[in-house]
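As written, the chain order gives the labels A, B, C and D, with residue 1 at the start of each chain.
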Amino acid sequence: MFGLDKKDATLLVIVAILTLCAPFLLNPFPSESALAQFNAGYPDLMQRFVIFGIFAIGFNILFGLTGYLSFGHAAFLGVGSYSAVWMFKLLSMNVIPAIILSVVVAGLFSLLIGFISLRRSGIYFSILTLAFAQMSFNLAYSVLTPITNGETGLQLTLNDPRILGQSATADGSIPVTSLFGLEMRSTYELVMGPWAFQFNAGYYLCAVIMVLAFYMSIRIFRSPFGLMLRAIKSNQTRMSYTGLNPKPYTLAAFVISGMYAGLAGGLMASMDPLAGAERMQWTASGEVVLMTILGGAGTLIGPVLGAGFIKYFENIFSKINDTVLHSWFSFMPDGLENLVVMLVYPFIGKGWHLTLGLMFMMVVIFLPGGLVEGGQRIRRLFRRKDDTPAAKTEPAE
Amino acid sequence: MMGILEVKNVNKRFGGLQALGDVNLSVAENSVHAIIGPNGAGKSTLLNCLVGKLMPDTGSVLFDGQSVLGRTPHEINQMGISRVFQTPEIFGELTVLENMMIPCFAKRDGSFRMHAIGHMFDEAELVEKAEHMLESMNMAGKHHMHAAAMSRGDKRRLEIAMCLAQEPRLLLLDEPTAGMARADTNNTIDLLKQIKDERDITIAIIEHDMHVVFSLAERITVLAQGMPLVEDTPENIKGHPKVKEAYLGEAH
Amino acid sequence: MDAIILQILNGLDKGSAYALIALGLTLIFGTLGVVNFAHGALFMIGAFCAVTLSKILSLSYIILDETQTDFLGKPLKVKVPYAESWFGPEIGAAIIDWSVPLAILFSIPVMLLIGFAMERGLIKHFYKRPHADQILVTFGLAIVMQEIIKYFYGANPIPTPAPDVFTGSYDFGVLLGFDPNVIIYPYWRLVYFGFSAIIIGAVFSFLRFTTFGMVVRAGMADRETVGLLGIDIDKRFTLMFGIAAAVAGLAGVMYAPINSPNYHMGMDFLVLSFVVVVVGGMGSLPGAVLAGFLLGTLESFASMNEVKSIFPGIDQIIIYVVAILILLTRPRGLMGRKGVMED
Amino acid sequence: MSKLNLTRRGVIKTGAAAGTALAMPTILTAGSHAGFTNAPTGSSVTLGFNVPQTGPYAEEGMDELRAQELAVQHLNGEGDGGMMNTFSSKALKGNGILGKKVEFVTGDTQTKSDAARASAKSMIEKDGAIMVNGGSSSGVAIAVQGLCQEAGIIFMAGLTHSNDTTGKDKKANGFRHFFNGYMSAAALAPVLKSAYGDDRQAYHLTADYTWGWTQQESIAAATEAMGWNTVNNVLTPLASTDFSSYIAPVLNSGADVLVLNHYGGNMVNSLTNAIQFGLRDKMVNGKKFEIVVPLYSELMAAGAGENVQGVIGSMNWNWQLQDAGSKAFVKSFGEKYGRPPSNSAHTCYVQTLLYADACERAGTFNPCGVGEALEGFDFDGLGNGPTSYRADDHQCFKDVLVMKGKENPTNEYDTLEIVEVTPRAQVEYAPDHPMFAGGQLGACNPGA
C-alpha cells in the first residue's frame, strides 16, 4: 500500500487512526470529574502534539539516520514562523501560501547553515549549529526587531497591508487564519453525556499534514537515500571507499529536516499567528533533541511519541497547583493529606521541570532506545510466553 | 607496456621521517601484484596514496592513464579502484543485504543521487545482483542479519563482496588475512583465486603472510624503509638475497 | 587608549571566569571522555556553597523589639546572629563579613563529595555510551540539580557580598599616568583574577609534577594503554572528576559576590563554556585557558560603543561569530588534537 | 436530535446521543450559550491566573499567585475581605461574582510569549476560563493580550511596564493596572531634580529589547526636559550576566548619573556590578555620582541586597503605604502568607477585584459589558488613591511612588522606602502621545 511494505503500512494506518481519533482518545475523562485535569483533548494542545511531532520527525531524519546532532534546529522553526506571520500580514490569511513560504525559507536558511556547519562533524558540528541558532535568537530578540518585533513577538495588527483580503473585519477585529474560508480556530464540540469532545479545523489540518509528513519519513527511511544516510551513521570510511560522497547526503538530510522544522513553524503560526524569538533559543533546540531521544532516535514512531510526552508534561503537569492537589487527596485525614501534598508538590505544578529532568535521566540510563525500546521490551516480555526465542535482530524500524 | 596502475617517483615525508622515497610501481592489467615488506616499510602509506587518503609530496599516480592525485577517496573509487581494509570496514548496524545494496547503488547512481522516494528493495535488478553476490560468497540465508553480528571471516567475505559488487577494475587488499586462523586464511586464498579466475580484475595485495603472497601473486614488489627494493616474479623473489636481508631480524 | 586598556582588563577578568569553568569541563572530557552538560550546574552549586555558608554563619535567634513594629504592626522580630552573640559583635560581624572567602574551604569537601557521588553513581556507567547519551543524561542531571536548588533557595537571586575591605575599586589609571577615575577596577574582580590564576596554575602543576598527574595525562593521551599498564585507573578517574567538580565549585564560590547567585546561573554559563572548550579544542587544557581569555577579551571589546556603532548588536553574537570562524579555519579548535570527538 | 448553532467564532456545539439508546441526549439550550466565549453555565465561574512559575521570574509569579488566591477567597466571602471593605464601589457582596462561586486555574508562562499563549489557550479552551490575569513581562503581556482579544475574553495584564502594552499594542479586551515607562519617568524627573539638581550628565545602560528602549526613551525625554544632558546610551544584550565591560567606561565619559534601564536579573546584576566599581563613592564634575533604577520591584531589591541603598527608582505600589486600602490588603496578605505583598501581587489582587466588580456592575460576564464597565471607571480605596481606567487606551492612572533603597533596613522586606508619592496629575499624558501612538484598541470581541 502506498509503496510501503505491510509492516510500515500497518504502522502508518495506526498512526493515522490515532491522530484522527485524538479528540476522543485524549479526553478519556468526563469533563466534570477530578481526573479531567489529565484530559489533553483541547485544540491548542492537540495542535502542539502534532506540530511538534512533525518537528521531531524531521529532526529524526537528520539525527536518527545520519547521527549528526544538531543543537540549532529551533532556528529553522523560528524562521518558518516569522515567514508565515509575514505572509499573513502582507498577502492573505490563507494558510497555504504561508506554509509554503515557511518551508521554502526554512529550507534556504538550513541550506546556508548546513553548508557551513557540515564542514565539521561530531561535537564541533553540534557547537556550530548551536552557535548559529543562538546568533539567530539574539539578533531576533534585539537588533532585528523591525523584522521580528523582538521581545513581544511578531503579531498581526489592525493596520496590516494585506494584499488579498482586508486589514480588519467589519466589526473591527483582526481577521483569522483560514484554509480557503475554513477558519483554523473553528471548533465543533460534541457533547456525549458527561464527556465533551472538541474537533478543531486547525488540528485536523495539522493532523493530516503530520500523517503526510510521517508517510514521507517512512518513504525516506526505506529509500536508497535513507539507506545512504544510515550508512553515514554506521561507517563513513566505508561510505567514501564505496564511491559515495557523504557530504551532499548529509546536507540533503539537513535541509530536509530544516524544511520539516519550517513546516512545523509555519503550522504553528497558522494555528496561532504569533512568532516569538524564544522559539529559536537553544533550549528550544534542546527540546526537540529530548523529544527524539526520549521517544527513540532512529525509529519511525519514536519522535512522535517523545514530542507528545514532553508537550503533555509541559501543558498538563504544570497546571496542577496545590489547590488541585488538596482536592485530590481530600479524602485522607488532614495530617496525612498535608503530608502527601507536601511530598508530591515539588514534582508537579511549578516543579514539573524536576520531574521532566528525572524522567529524562531514567530513560537515558535504562532505556537508551527511548520509549520505543520500552515498548519493544514489554512486547517481548509477553511474546516470550508463547513464542520461542525467535526474537532475532530486527532491522531498524 | 603501460600497467593499469602506474606509480612514478612518489615521495612522502612525515616531519623528519621519509615514509616513501621515490617509489615506482607498475601493476599490469589482470594480474595479481603483491607488495610486501617488513613493518614500517611504507606499504600502508603507499596504499593510502593510491586511494586518496594521503597526498604524496611529489610524484604521480596514474590509474588507467588518469591521475588520481588530488581526488577524494570516493572519486577514486568511482574511477574503478576498490579497497579492502585490514580490519573489515562494513556497515555494522545495517543488515547484510543492505550492506550489499549500497555498492550496487553506488555503481549504478554514482557518488550522489537524491533517491528518496522509491523503496530500496524495489530495484529488482540491484536486489538480484546483491543476492547473487551474497550467494556466490556463501552468505545466502544471512540476508537479514546485522552485519556487526557476523563472524570475522564472514565480515571479511562481505567486505570483499561489497567491493566486487562495484565491478572494480583494481581491487586493493590491505593484509586481508591479518589475524586470521590458518583455515580462514586458506578460505580467503581460495576465494581470491576464484575471483581472479572468474573476473577480469587486477588485484594488488599488501601482505605480511608469505604463504598468502606466494599462493596468489604473479608479481611481487618488495618495499623496505619506504624504498622499492626489488620487483620480480615470486620464484625469483623467494631466494633473493636483498629480500632476505630486509626481513632479517624480523621474527616471522 | 585608556578605553582599550580598560577593556583588556575587563576581558582578562571575564576570561579568567570562562577559563576556570572551561578548565574543569576539559579535565572531565580530556581524562574521562565524558561530555558533561552538568558542569554549569556544578558551578552554580559552588556559588550556592557560598550562599549556604553565609546563611549558616548568620544563623540567628530572634528577639522581639517592642520599640519597633513590623509590617503587620506587631513587635519587630530582630535577628541576632549566633556568631555575634558567641564571639562578640565585632568578631561575629567579621566572620559573617568574610563568609565568601571562608566558603572556599567549605566548598572543597562538598564539591569533591558531589563529584565523587556523580562519577560513581552515574557518569561511570556512561564511559562507553555515545556522546549524545552523555550529553542527555548530564543535561537531565543539570535540570534536576537546579530544580533542587530552586526548591530550597527560590528563584530569586540571593545577594552574597564580598568582605567589606574589597568594596570599591583600584585606580589603575593613576598608576599608568592617566587622570584619576579613568581606569578603575573593582578589588574583588582583581581578587577573582588572581584566584583563577592560582587555581589554573595549581591544576597545571598538579598534572605536570605529580605521579598522579602524569598517569592522568597519559590517560588523556591514550586511555587504553594506561588501562593496560594495570594502573587502577578507576580510582583516579573518580578523583579526577571530584577535582574537576571542585574547580567548577571554586569558580562559583568566588563568582557569588560578582553576580548574586540564582538557580539558573549554571545554564547561563553552560553554552558559553562549551563554546570556550570547543574553540580551545576539545581535551586541550591550555586550549581551554587560552580560548577563555580570548573570548573574554573579544566580548569586552565588542561591548565598546565605538565597535557597536560600526556593527550594531555585535556584542550579542561576538562569541558565536568567533566560534564559527575559528572552527571553520582551525577544524579542531585552537589547540585540539586529531580524532577527538569527531564521530 | 442535535442542534446546530453556527456562530461568529465558528463554534458549533452539538448534543448527541451518547451512543446507547438509554442515554438521554444533551441538548444545549440558548440560555447556556449566551453569545460570548466560555459563558459560565454552572454555579461557578473560572478565572485563569497565568504567571511565571518556572524560570527567573518564578518568585514574582508565586507572589502574584498568592495575591490572586487571596482575592478569590475574598470574592467568595472567605477571610477578612481585604480591600473589598475599602473599595469605593460596593457592588461586590462576598458571594462570588454575580452569585457564582469563583474558581481559578493556574498556568505557567515561563516568561516566554509562546509558552504563555499556550497556557492561556489551555485555560480558555480546556478549563473554560472567563478571563486571564497576571504575568511578569511586557513581551508576555502583549502576546497574551493579543490572544485574549482573539479568543474573546478579558485580559488583565500583571506586571508589564512597557509603553506598548497600552500604546501601539493596546487591545479592546485588555486592561492594565500597572504603570508604564512614561509614568515612571514623569514621576521620577521632579524627584531627581530636587535630589540631584538640574545640571547632570546622565549615562544610560539599556536592555536591548522593546521594554528597555521605551523605558530609556521616556526617562531620557523627562530628564532632558528638566535640564539634564544624556551623555550616552549603551544597549546591553538580554543574555548578559556580567555588565563590567559596560560599566567600566562610565566614569570616564564625564557622566555623573548612571541610569540602569534594566529589569529583573539584568537589573540585579548591573546594579551589583556598578556598586562593585564603587561608582557611588566617586565625585564627578564636583558632584557625587548617583545611580537611578527607573523601575523597582521588591524582589529585585532583595536580589541586589545592600547595593540598592540610596538608589532612586519608581514603583506602582508599596506595602508601606498608609492608606486604609493598602493597610487592609497588607494585613490580610501578611496574615495568610507571613510576608508583605509585592507591588505585582497588589496589581494582580486589585485586578481580580476590579474585574469582579465590573461584572457585578455590568450584570454580565460578557467581555464587552465588562469592558464597558471598566472603561472610564473612577474609584478609590484600592491602595493607589483616586484611580481611573481611561477609556481611550485602557491604561490605569493613579499616583506613582518614587522609592529609594533604605540605608538601614530593619528586616528582609524592608529594603525600600517611599520618597515621594507623585500625584496622578503629573504622570498623565494624552492618549495620542507620540510614545504611545501607532495602535488601535479595535472593537471589543466577545468571542463566540
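Here are a few things to note about the model shown:
Just so we're on the same page, contacts are C-beta pairs under 8 Å (C-beta built on N, C-alpha and C of every residue); 3 or more make two chains touch, one makes a residue touch a chain.
Everything quoted here is computed from the prediction, not taken from an experiment.
With centres taken as mean C-alpha coordinates, the chain found closest to the middle of all protein C-alpha atoms is A.
The distance from the centre of subunit A to the centre of subunit C, with each centre set as the mean of the Cα atoms, comes to 35 Å. Subunit B and subunit D have Cα centroids lying 74 Å from one another. Taking each chain's centre as the average of its CA atoms, subunit A and subunit B sit 46 Å apart. In whole angstrom, the spacing between the mean C-alpha positions of subunit A and subunit D is 32. Residue positions of subunit A touching 2 or more other chains, listed in rising order: 138, 142-143, 353. Shared contact sites, meaning residues of subunit C that touch two or more other chains, fall at 313, 316. Pairwise chain contacts in this structure: A-B, A-C, A-D, C-D. In the complex of the two chains, the subunit C residues touching subunit D come out as 2-3, 6-7, 9-11, 13-14, 17, 68, 70-73, 76-79, 150, 154-159, 161, 167-169, 181-186, 188-189, 257-260, 262, 264-265, 268-269, 299-300, 303-305, 308, 313, 315-316. Residues 39, 42-45, 48, 138, 141-143, 145, 149-153, 155-159, 168, 171-174, 176, 183, 185-193, 195, 198, 201, 272, 274, 276, 278-279, 314-315, 318-319, 321, 323, 349-350, 352-353 of subunit A are the ones that touch subunit D when the two sit in their complex. Residues 69, 116, 119-124, 127-128, 130-132, 134-135, 138-139, 142-143, 236, 282-283, 286, 289-290, 293, 297, 346, 351, 353-354, 356-358, 360-361, 364-365, 368 of subunit A touch subunit C in their complex. Residue ranges of subunit D in contact with subunit C, taken from their complex: 55-59, 208, 232, 234-237, 239, 241-242, 244-246, 248-249, 251-252, 265, 268-269, 272-273, 275-278, 281-282, 284, 299, 302-307, 319-320, 330-331, 334-335, 340, 410-411, 413-414. Interface of subunit D with subunit A (complex): residues 9-19, 23, 26, 28, 53-54, 58, 62, 65, 69, 104-108, 112-115, 117-119, 121-122, 125-126, 137-139, 142-143, 146-147, 149-150, 164, 169, 208-211, 235, 237-239, 439-440, 442-443, 445.
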